[in-house]
Amino acid sequence: MADRTLRPSPISPTVDFSAEGVQHGFLRLPYSRDDSAWGSVMIPVTVVKNGEGPTALLTGGNHGDEYEGPIALFDLARSLRAEDVSGRVIIVPAMNYPAFLAGTRTSPIDKGNMNRSFPGAPDGTVTPKIADYFQRTLLPLADIVLDFHSGGKTLDFLPFCAAHILPDKVQEAKAFELVGAFGAPWSMKMLEIDAVGMYDTAAEEMGKVFITTELGGGGTATARSAGIAKRGVANVLKAAGILKGAVEASDTTWLDMPDGNCFSFAEDGGLIEPLHDLGDEVRAGAVVARIHPVGRTGVAPLEVKAKMDGILAARHFPGLVKPGDCVSVLAAIVD
Amino acid sequence: MADRTLRPSPISPTVDFSAEGVQHGFLRLPYSRDDSAWGSVMIPVTVVKNGEGPTALLTGGNHGDEYEGPIALFDLARSLRAEDVSGRVIIVPAMNYPAFLAGTRTSPIDKGNMNRSFPGAPDGTVTPKIADYFQRTLLPLADIVLDFHSGGKTLDFLPFCAAHILPDKVQEAKAFELVGAFGAPWSMKMLEIDAVGMYDTAAEEMGKVFITTELGGGGTATARSAGIAKRGVANVLKAAGILKGAVEASDTTWLDMPDGNCFSFAEDGGLIEPLHDLGDEVRAGAVVARIHPVGRTGVAPLEVKAKMDGILAARHFPGLVKPGDCVSVLAAIVD
Amino acid sequence: MADRTLRPSPISPTVDFSAEGVQHGFLRLPYSRDDSAWGSVMIPVTVVKNGEGPTALLTGGNHGDEYEGPIALFDLARSLRAEDVSGRVIIVPAMNYPAFLAGTRTSPIDKGNMNRSFPGAPDGTVTPKIADYFQRTLLPLADIVLDFHSGGKTLDFLPFCAAHILPDKVQEAKAFELVGAFGAPWSMKMLEIDAVGMYDTAAEEMGKVFITTELGGGGTATARSAGIAKRGVANVLKAAGILKGAVEASDTTWLDMPDGNCFSFAEDGGLIEPLHDLGDEVRAGAVVARIHPVGRTGVAPLEVKAKMDGILAARHFPGLVKPGDCVSVLAAIVD
Amino acid sequence: MADRTLRPSPISPTVDFSAEGVQHGFLRLPYSRDDSAWGSVMIPVTVVKNGEGPTALLTGGNHGDEYEGPIALFDLARSLRAEDVSGRVIIVPAMNYPAFLAGTRTSPIDKGNMNRSFPGAPDGTVTPKIADYFQRTLLPLADIVLDFHSGGKTLDFLPFCAAHILPDKVQEAKAFELVGAFGAPWSMKMLEIDAVGMYDTAAEEMGKVFITTELGGGGTATARSAGIAKRGVANVLKAAGILKGAVEASDTTWLDMPDGNCFSFAEDGGLIEPLHDLGDEVRAGAVVARIHPVGRTGVAPLEVKAKMDGILAARHFPGLVKPGDCVSVLAAIVD
Amino acid sequence: MADRTLRPSPISPTVDFSAEGVQHGFLRLPYSRDDSAWGSVMIPVTVVKNGEGPTALLTGGNHGDEYEGPIALFDLARSLRAEDVSGRVIIVPAMNYPAFLAGTRTSPIDKGNMNRSFPGAPDGTVTPKIADYFQRTLLPLADIVLDFHSGGKTLDFLPFCAAHILPDKVQEAKAFELVGAFGAPWSMKMLEIDAVGMYDTAAEEMGKVFITTELGGGGTATARSAGIAKRGVANVLKAAGILKGAVEASDTTWLDMPDGNCFSFAEDGGLIEPLHDLGDEVRAGAVVARIHPVGRTGVAPLEVKAKMDGILAARHFPGLVKPGDCVSVLAAIVD
Amino acid sequence: MADRTLRPSPISPTVDFSAEGVQHGFLRLPYSRDDSAWGSVMIPVTVVKNGEGPTALLTGGNHGDEYEGPIALFDLARSLRAEDVSGRVIIVPAMNYPAFLAGTRTSPIDKGNMNRSFPGAPDGTVTPKIADYFQRTLLPLADIVLDFHSGGKTLDFLPFCAAHILPDKVQEAKAFELVGAFGAPWSMKMLEIDAVGMYDTAAEEMGKVFITTELGGGGTATARSAGIAKRGVANVLKAAGILKGAVEASDTTWLDMPDGNCFSFAEDGGLIEPLHDLGDEVRAGAVVARIHPVGRTGVAPLEVKAKMDGILAARHFPGLVKPGDCVSVLAAIVD
């Protein structure tokens, strides 16, 4: 196997993944730099293990400015008791920890986008070193993988749980079953066009049951969106038989993103005036948003139009928009 | 008068405030710097004048990361026709224009917070120079003043229009009348404790009828919040007799902020988990939010509690919170 | 072919290179980053096609602080009519577009020097992604390639058009013919010592007729130098039979740079005092410039001397010089 | 006198301004900061004194990115012999020394524009502290003052020496006499509209004979422009009777800038295409430059037009232009 | 009194300085900025009060990169029991708290040097606001004041406690008595030449008994230097009758700095080679350090010589030195 | 050999390594960048050669903030005479020269840690280009290699000379012999666990006799530590038969670092209070340092404990500590 020829990971955990009980510790990654010659990145990790059963690997902070996942997972890590578990739960509330501390999508150390860094490298910069540790150490331990995302500081999403259309339909079915159990108000069937470098792909290629979310965005969380995350992760662990108790049922609407027409991009920058909000039904040709030039008053705004009928599922968040930014994403309701 | 001894403002307008019709132009402020020895700040301005009648001075972008005002005012500036006006409308969609272009609360040039820079100074840095121009040139031209605010990138507000409790009850009543005409979902009676340096105070001390807003926040606008702003400014101009047509009526709930107990501050930093959303009723002693330490898992969060009964009117926006940040603001419903 | 194993380019054009007529659009390169999760770099492109004939690929802004090329090409893109063309003209006025917007030699995103980034990589950072698109998509479409350069903010050049001494003398002759047609005041025969990573090399290795320029520098353009560029590109298109009309003849002096002795480097930093200007004849041993230490007055300056007889063809531009900077380049007149 | 109540200057010179002979030393200004708790700014200074006679105060680097003055003055400081002098020459080649070392118009320490910092303050930041030292210590020692300027990195000027129209016509005449002696190709009679904070004004208000220059720009010097500076300063010292020898005569053309119509400003940013060069005669209404929008190809450029007949005396230098930048300055030839 | 006309301080304490017992809290200073519209600086403070007796005001972190004071005071604040105290102890371990958090001498917010910011201003930036709070609120509460300093990141000192030569000899004697009680290895009698803006001066002008220290430097603390600080503060509180128990006696050597000859400054920058260490006896004319130019090998270093006989009491710390840096300070032993 | 396929190094030396006598020059590395299109890094180098004999390669500044090596080597380069040498001495006082000029551990250009950059690459960024030049050009010339290190700005070490435990015991013995000759107060036998990318490893794998040092730290040097370095390098050259004269004998204590228990890391950040100083004997379980939380007063510090008995050989230097920083290193005395 190609991985065998790689150097060992420089990351050393302070927890024992095979030990019973609750452990709180760190993934310690040596990181020599100007302000600390012999410094380290200390990524918090919790392991809860009790007897036999499947292993769930739960991650937030894959992107550092997305908060529902870290809230649900710091909360779960503190409150989960070993006696409530059958199997093992590995919790990394902030996967790209330097990015999480900085409140940025990518790592302030190397600008690494964690979700484009897989399979990583043990001799790369900090982000690929972390990815490599998940690739070669943590993912192999897992049966099911839940990776929390939200829109971050620059996008806003309808709250949904999602899994990918996969060639292995058994694997796919298990994932959509967990998506349903999660119980977000919306659920998404995603067809990934460009899957290179994603954590999702890394997990799926190992045959893991992988689900993910988009639960809001804008670099904040609300009581409502954090609640969806907390209930969702508990439901998933219950559905997987790891946590005791019944899944808390809730209605969801299934969506998909059929093709590239769901995206609209800005060709000019300026002040964005949204004409529709998330969840609105939009018809093809409708103006989704207007972009006002900011250099002068008295100039007509650029209109950004929908290219298909659909539900407004995601939108550009900041008040100013730059050329090339994604303005809106439409999704179709799956009957 | 003290102002007489000040130097003239270095700002020169490219519009004539006394001319009839629609003019789009700039307030040009010379600004010599490393990347432009003879450069200028060019603040867009529109003047629409038609015959006799009061003057409304309309401003957005007092803080550069608040968007409902600029959206409503760039839109109004482009669409307002002279024949629809009786009197004069002066529109400055982005008052702290360098901050607006940067998408930041304060000016990137001098870190100037426009709303703490009045009365300004003609020989100060860029922000006080702009303030001085409003203080000595634009405010004296106005009868009514509407200054748009929102929460910006770090706060989120219930959408409300507001005016101050004032010693001159006639002036106060005129302001609250316009607040009612604005027609936001919520309306606020504000008692300003520390009014030093504010644009509001500058206008009120000249006897102007001054109203302001908070219409959301987080550094974005929605179709809903932008719509409130657009209807609001039209309603105010109609109520003032400047714009033709009837005020578009809508329900509003009146609030006030009785004392300092409405504010809760964070004493520790961390990951904030909101337990209530804007508009929720909260009882004194209830936990409004929890702050999870981010250095380790397994540690109890700090609880931030309400100090009075009220409606959650504003909240900290970013997912991370720093020591000293305002976490929540409660308001009381005025019967 | 090795390229076949590469991933497809992430760049998608909004123009159809095979369509007839004039199209203005973008090369859209997805670029996810902290301030735009789903953002893009939007590189302006114009295609003008009319019937049969050769294809010219015209580029400026290979280095972002060189202006004669972008001026000539934004002007040409706007004014070129399909009916004046026989064949196809592809115009990218600012090849390293992020660098061009920043006014810097290299890209502010990844510090990429476009002219050392070939053949590029579809999974690299932004600069090699752009290079890869030229390597695998645009260069194969072209018959002749004109890439504009000037000295940029830190060098100043005599205005010349140039091509390389090549092993294929037919290819070389075609290139020098176009150099002559360009009609700059000076023309250069260049022997490239270190050609690794250059756009020039990429084009030449595909057998394209490649010419380039140095038309001034210092991070500015003059009416004179912009005029040379505008006339030059029209002349080249005419000489290639793509544009109607006769080449506008003008005198040129042919130069070459025989060996490494044409360069003089600074060993100390300081305030540079030039003793010769561009175009001056300089004798070996003459002092080209003096470098005054700036820490004290009363100290003798360092003398930088010419190592050969020649014409001063290029010089260090900024008033201060750093150790290791190239101070001067001499060229020999070719009889 | 108001100055009497000011604190003493914190600057201590390492030279004795009353001593005979040549001294090279420093104006030492204590400057405590993060990277040096007990650090200082060390401004090089040379004093050459020999017997009786007037005192000339010679300065360059008032703006840190203007090079003809520092070249001429570092050169003069090193080569001037006491025996050639009758009186005293005080040379500060780089007045805003931190800006000069950084190669920037203003000081990197406090963004201070030296020529807007007079009369300065002994308890201000670094730039006003230096201004105060000139105001209270050096200017009082001087009879004639020559302050070198050029266009810096963002402007380019015809090479001229200049003095102000003054209320005291005797003082004015002495200044214009020295301007003539300087012998630049062009000479300018300046009517200062906004003289607040200028070194010029500080000197003139003390009754000193003050002359200044603009000798090129763009953040560079040429052999030609440095030669003008070196000849000019020698000529001025000769004309003042301080240096032995006859003024080296040369032709000059006298210009003035009659009113604000000489300036044209950019209202949009973009890529600037100059249509005229320095020294060209331009007619009112002629297009001086065009500004190409850089966001797209195929868009018409903005035309910047001359508002009077005149000689193009100064122009915007960088290839990109920002809204509000001065694009061109026209001057009228004085018969 | 002039202070009466000032605005009230914006700082609000969360402790009650008149309450009995131990309180840990904050001085909360509202600080609105881009990353927190309604943020605050939260300066930790401890008050321990028990019955009648004098008040000691203890401060560290006046400069943010000096550590012996904060170590001793965080330790004391945590361990001091009310029952051990007679009177009151007010502890602010990090006076310039933003600087302390950043590990820098001055504040990262406004570059404020706390010890040059007195008497401060309630409407200034953050540093003068803090100074004003000490000036008008905390200093008036105190009888004795101990302000800890060390050399910080750029200087290193012999460990000494110090007080000023004062016009009021009774006040001076009380201070030197406390210096003796502190019991550092060295004790210094300081004659302040430039006392403007210092906290020391503010306290002394109110008649307070003020002592200070320099206890090492380089931006670190050792077990030895921290121990000196911890014993010293306990000794001072005991000597003042506030803390129970006897002063822990220790030998000290008294020093003074007679005049400006004790300082040597670097005129050139480079790599510093110290030839003497702290505590060494040095004779006038001896080479204290050499400065090697770093641009080339083979060049003679600059020698920095002692200007008087004395003990090396302080030295430049970093391995590189800049022109104008203080290289060494000599002190004379007081018999 | 793999290296044969690499491009030639872009570095060109201005000295001839095979010439007799003393030469001072540069390793010139072309480095094109925004502020110098045709700039270079100029690394000072000295070669002293006299007849036959071994070659010593002496380097400092492998990390840019470590000063004993550069002091000893700039001094040696200036003072070494050809007639005192038998063989050749190549001196590079500042190997990572950009880092040395910046006073930082890693290069400001590419953040390259020189000692993790071997074998380097001729087409990498600046740091691997320098490493490649040592790998392919300088190391092959050498018989013995001495590379100076100290703790840098963030660590402090007991002064020791060291060599590695090697598989080739003859090579190891020669190295320890030179360590003994160096004569530092302490000598270390190092077992390298992670040797990837080190200069040490590169030299040792070529069979060179390689020794290194740690001679203090904190980003400074003292007269004592600089003296150890100067005597040490002379002793090593004498022991190798390159320099005339006898080794200056001195006592040393031999240490080793037996396993990972010698290191203690911080799990929380804060203000560090050391309880032991370098050279102290510490017992397993003893508290080496305490870390005070800095957000509040009144909170217990975290204790960092020794995991083995030993001598405190290295410690964290700055007053503040970050999570993951190495707090202390213990060493065992070798009998």
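As written, the chains take the letters A, B, C, D, E and F, and residue 1 is the first residue of each chain.
The definition used in the following text is that a contact is a pair of C-beta atoms (placed from the backbone, for glycine too) under 8 Å apart; a residue touches a chain by one contact, two chains touch by 3 or more.
This structure is a prediction, so every number in the text was calculated from the model and none was measured.
When the partners of chain C are compared with those of chain F, the chains appearing in both lists are A, E. The fewest steps needed to get from chain B to chain F, moving only between touching chains, is 1. Identification of common neighbours of chain E and chain F yields B, C. Seen from the C-alpha centroid of chain F, the farthest chain centroid is that of B. The most distant chain from chain C, with centres taken as the mean of CA atoms, is E.
The mean-CA centres of chain C and chain E are about 58 angstrom from one another, to the nearest whole unit.
Inter-chain spacing, taken between the CA centroids of chain D and chain F, is 49 Å. Note on chain placement: the centre of chain A and the centre of chain F lie 43 Å apart, centres being C-alpha means.
In chain A, the positions touching at least two other chains are 26, 42, 65, 267, 295-296, 318, 323.
In terms of inter-chain touching, the protein chains here follow a pattern that is not a line, ring, star or complete graph.
Every pair of chains meeting the contact definition is listed here: A-B, A-C, A-D, A-F, B-D, B-E, B-F, C-D, C-E, C-F, D-E, E-F. Interface residues of chain D facing chain B in the complex, by the touch rule stated above, are 63, 65, 104-106, 111, 113, 116, 151-155, 194, 196-197, 265, 267, 318, 322-326. By the touch criterion stated above, chain D contacts chain A in their complex at residues 267-269, 295-296, 323. Contact residues of chain E toward chain B in the complex are 7, 10, 26, 28, 31-42, 123.
Residues 22, 24, 26, 42, 44-46, 65-67, 70-71, 74-75, 77-78, 91, 93-94, 100-101, 103, 156, 218-224, 226, 271-277, 280, 292, 294-301, 317-320 of chain D are the ones touching chain C in the complex.
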